[in-house]
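Some structures to go through are shown next.
Both complexes shown next keep chain A, but they swap its partner, so chain B is in the first and chain C is in the second.
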Partner chain A sequence: MASIRPAAIRSRLPVVGRSAKFVPLLSNRFYSKTTPKTVAPLFTVSRTAPSTSLFNVLGRRSYIKSNEEETPEGLRYTEEHEWLALEDGNLAVIGITGYASKALGDVVYVELPSVGASIVAGEPIGAVESVKSASDIYSPVSGEIIEINEQLDKKPGLVNAEPYRRGWICKILIKDTTELESMMDNHRYQTFIASS
Partner chain B sequence: MRSLKARRVLASFPGFGLVAFRRNNNTDTTSTPFSFSFRRQSNSPTTSKQKKLYDLEVYISRSRSPYFNLSYEDYLFTRFPAYTSYSASSTQLSKKVLFLYTNYRSVIIGRNQNPWRETNVQSLRRHNVPLIRRKSGGGTVFHDEGNVNYSVMMPGNSFDRDEHALLLCTALNSVFKQRAEETVLSVNERHDIVDQNARKVSGSAYKLQRGKAYHHGTMLLNSRLETLSKLLHHSVDSGLEVVEGPGVQSVRSPVSNIGISNELFINTAIAAFKSEYMTGSDNAFKARYVDEDSITKEEEQEVNKSIDELQSWEWTFGSTPKFVHRFLLRDSTPAVSFTVKEGTILDLESNLPEFTEYKDSIIGSPYRGADVASRIDSELWKQRLIGAI
Partner chain C sequence: MATRRALKHIHISPTQIPYSTGAAVQHVLVKNYLDSKRIPDIVPRPVPTLLTMEFLPVYTFGRRQQHDEESMLKFETLKRKVPEATSVVTMRGGQTTFHGPGQLVAYPIIDLKEFNLSSKCYVRMLEDTTIELLQGFGLRAKTTENTGVWLSDIEKIASVGVHLRRHITSHGVAINASTILSYFDQIVACGLPESRATSIEQATPEEWKRQMGGVKNPIQELGNRLADILQEKLDHQLEHGKL
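Right, the complex of A and B next:
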């Protein structure tokens, strides 16, 4: 586990992040539509965190170059262009990468999995529709769907606008965390998309 | 054949400026559902025509059944290899499949559409026109025997929304020129083929899976367009019904026929694909006619499974994205509205005792006319709902 997710990240999470599950990254409380583009870091706490912290990188989103923005550090990636963020132990958040959301074009509908469904790594867990195309979303890990992003029913465009934030797809309770080891880090993913 | 690459298509992406979809000429082995190349217009390389060759397979259906044809298409796609970075071998030519089929009169909705919103289910039933939900995205289309469908399956890394429509345009335009006809086709920004008067003659839809994708489209040759407009007249146009909810809504376009025979279109399409994707020799060319009687036992098993699914209520109606269906009275006051998810009534809102008295038994019922009708007493409403749901 330690090798998968440096202890440093957890210990330096903002206090609110420890009590409320994944609230810091995704909740409207911290990121609303009216937030100006040039907003300061979401968490002032993160100034003390190392630059490898996921929250730090996402918090300073507006300050990073666009190609880095497409593949934030600290997340894990698949060849099918899904990202995975470990939230707490074996609870993971899954979404579609910025690269994929651009390539797909305007997303008009997201077919979400059902809460409680058990899933197998590599199997489809849903689909997105954009520009007349139905594209499958694959789960990078096996486990159980804990929560789905119901906001996408009304605002499927969040997948394009905020692929790593309010455009997340679902949360999965991972059965076997060793499956994470086959996923790419942001550098490998960048190399992968550059070569494809 | 004129070079397709010279006819670069521009598509605009939000926040990304002008982007050129480019045919991928690399023989790279990585491939994913989304891995078609896209890059800024300014730094896309200049065209150096180098044909990407494929191992082309052509299938022509002799069946007119939309259930058979869509199922066989699905079967071909399932069997199509997934070209991923861990499975592909760089020495072999990648496969490309062209499947051509014509259906008898039917209405085909997109994967994520609502049949109650997109069609007039009552009129389809009355005219005995099958309503089918396909696996690809996009909007509602009308098929009849004056329309030929083409379906192209390709590795995920060479997915391109316009490539095959452009190929057909070029080939058909030279046919029109030969015949001294004034028709000139082009591909518009919605990836549809339109004539010189911007009337749509072909609509496109796509499906992407790991390492593979398909593009299929209709081609209106001598279709009975007046039937089309009658059958696609929505139930909600009456003003007595409202359907609300997520899902994909069709974009209505003026349509036209290109007026050539099915045989000429099929031959033109095959010739265009052969000359674009194969070397000069005809030896490697494989074309196969298929129908219900000529497929193998193994194929039949798979195809029948898929036909059963396509014909099921659970797939066609039951897999509609969550929605609210509201019925109004003649004076436009709301009478009853059903909230439906996965084909089951989740909630009911009404001020009419005809419904409120039976609310508990209606909730949880499948959203089918006969099921809902069996739970209420009002003959008038029974009739209306049996027709409309």
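Right, the complex of A and C next:
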């Protein structure tokens, strides 16, 4: 494999979020749009992909510690600062954004919904608690909760540390994908939080 | 002209009320806010409101405690040991606390987005408001690594716990003015066995008597003062604040 100078790779990387600095490579999709397939990623982390399919959604590519203000491409966002990643057509993974978890402070408890519960878009599905406050989480879509992130029971801090990875909250089997159309993409969300 | 968004202050009078009454009033105000967000063409934006009140004896539990066996055991024990007090699980953050006569309970119902406040900064604002209120009695209160407002490392004078729904706040702060402090013996504040509750009256009995001795409803008067301080802080936030 030809060696590539770091500067050459950096110049081809897309800008994610507000920062134009080097950003984590999160998605197979957007990486391949802007970078020739022959170029190896600058940082590659060898690991076994976890059994949850979240990495299938966000890519098995390298992931450097996220800046909570930078939001991944390819996800959808709400004004209540929830993110949604869609996989396999109608399975939605939900979490709260780094912006939200930073505004809340250290998360000490996550109240998760029940598996099997039927959810209507806009309904509260749980809450994220800091030491002194509890903030409701709302589902952006209707459907059925088919999995919850039980890691958050012992490690609620994952919501702060890895809001888009191991800090995911639940997975919903969506009934109506048209509900996704009203959600924001990354650029609109960045504009939204910049103006608030 | 300075930016100002009027803070309406409602003190639920005449004197002590059951917890359920205060919770019901709070619920109506929050629902009004949520409806105005959902259907803004039909429900106009409400005015930010500070609810103050004085409860009959009640132990309240935070949201996460309903999932904790030890806390729920405590819930049952309190009902038995302190029969004149009710016990309620609430949706706020934080853990077990007591509300009762002689304690100012202040629940601001505001939209944090309107004031460009994060939940962390809002809680800090509530704590600072409490500290400033206590300064009026010559008390130097502070926050520590533990929740609430303290007069020393082991004397807690106010508790804080907030619930947020779509950035609308509910619950808030409870400040011991002339509360019967033995009610707190039943609960361990913040898991610190050596800590104890205190009140304005206990910390500075002469000053409390001097300022509130002739006042018909001291808790309402305290609520008025807190409203003024909070109004000033919110105005300042509107003018200068950003996340």
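The definition used in the following text is that the second predicted complex is superposed on the first by the 126 of 196 C-alpha atoms of A that agree within 3 Å, B and C clash if a C-alpha of one lies under 4 Å from a C-alpha of the other, contacts with A are read in each partner's own complex, and residues count from 1 in each chain.
What we mean here is this: contacts are C-beta pairs under 8 Å (C-beta built on N, C-alpha and C of every residue); 3 or more make two chains touch, one makes a residue touch a chain.
This one's a predicted model, so the numbers in the text were calculated from it and none came from an experiment.
Once the two complexes are overlaid through chain A, chain B and chain C clash, as defined at the top of the document.
Of the two partner chains placed around the shared chain by superposition, chain B is the only one that A:Phe192 touches, whereas chain C remains out of contact. After overlaying the two complexes on the shared chain, residue contacts for A:Glu179 are found with neither chain B nor chain C. Comparing chain B with chain C, the partner in contact with more residues of chain A is B.
When the shared chain is aligned, chain B and chain C each come close enough to touch A:Gly105.
When the shared chain is aligned, no partner comes close enough to touch A:Glu144: not chain B, not chain C. When the two complexes are overlaid on their common chain A, residue A:Ser133 makes contact with chain B and with chain C alike.
When the two structures are aligned on the shared chain, A:Lys154 is found in touch with chain B, with no touch to chain C. Common to the chain B and chain C contact sets on chain A are residues 80, 102-105, 108-109, 111, 124, 127, 129-136, 138, 196.
Only residues 38, 62-64, 67, 91-94, 113, 116, 118-120, 122-123, 147, 160-167, 243 of chain C touch chain A when the two sit together in their complex. Residues 79-81, 99-100, 102-106, 108-109, 111, 124, 127, 129-136, 138, 153-154, 156, 160, 192-193, 195-196 of chain A are the ones that touch chain B when the two sit in their complex.
The touching residues of chain A, when paired with chain C in their complex, are 80, 102-105, 108-109, 111, 122, 124, 127, 129-136, 138, 196.
On the side of chain B, the complex with chain A involves touching residues 11, 13-14, 16, 28, 30-38, 84-85, 110-112, 135-139, 157, 161, 191, 204-210, 246-248, 321-322.
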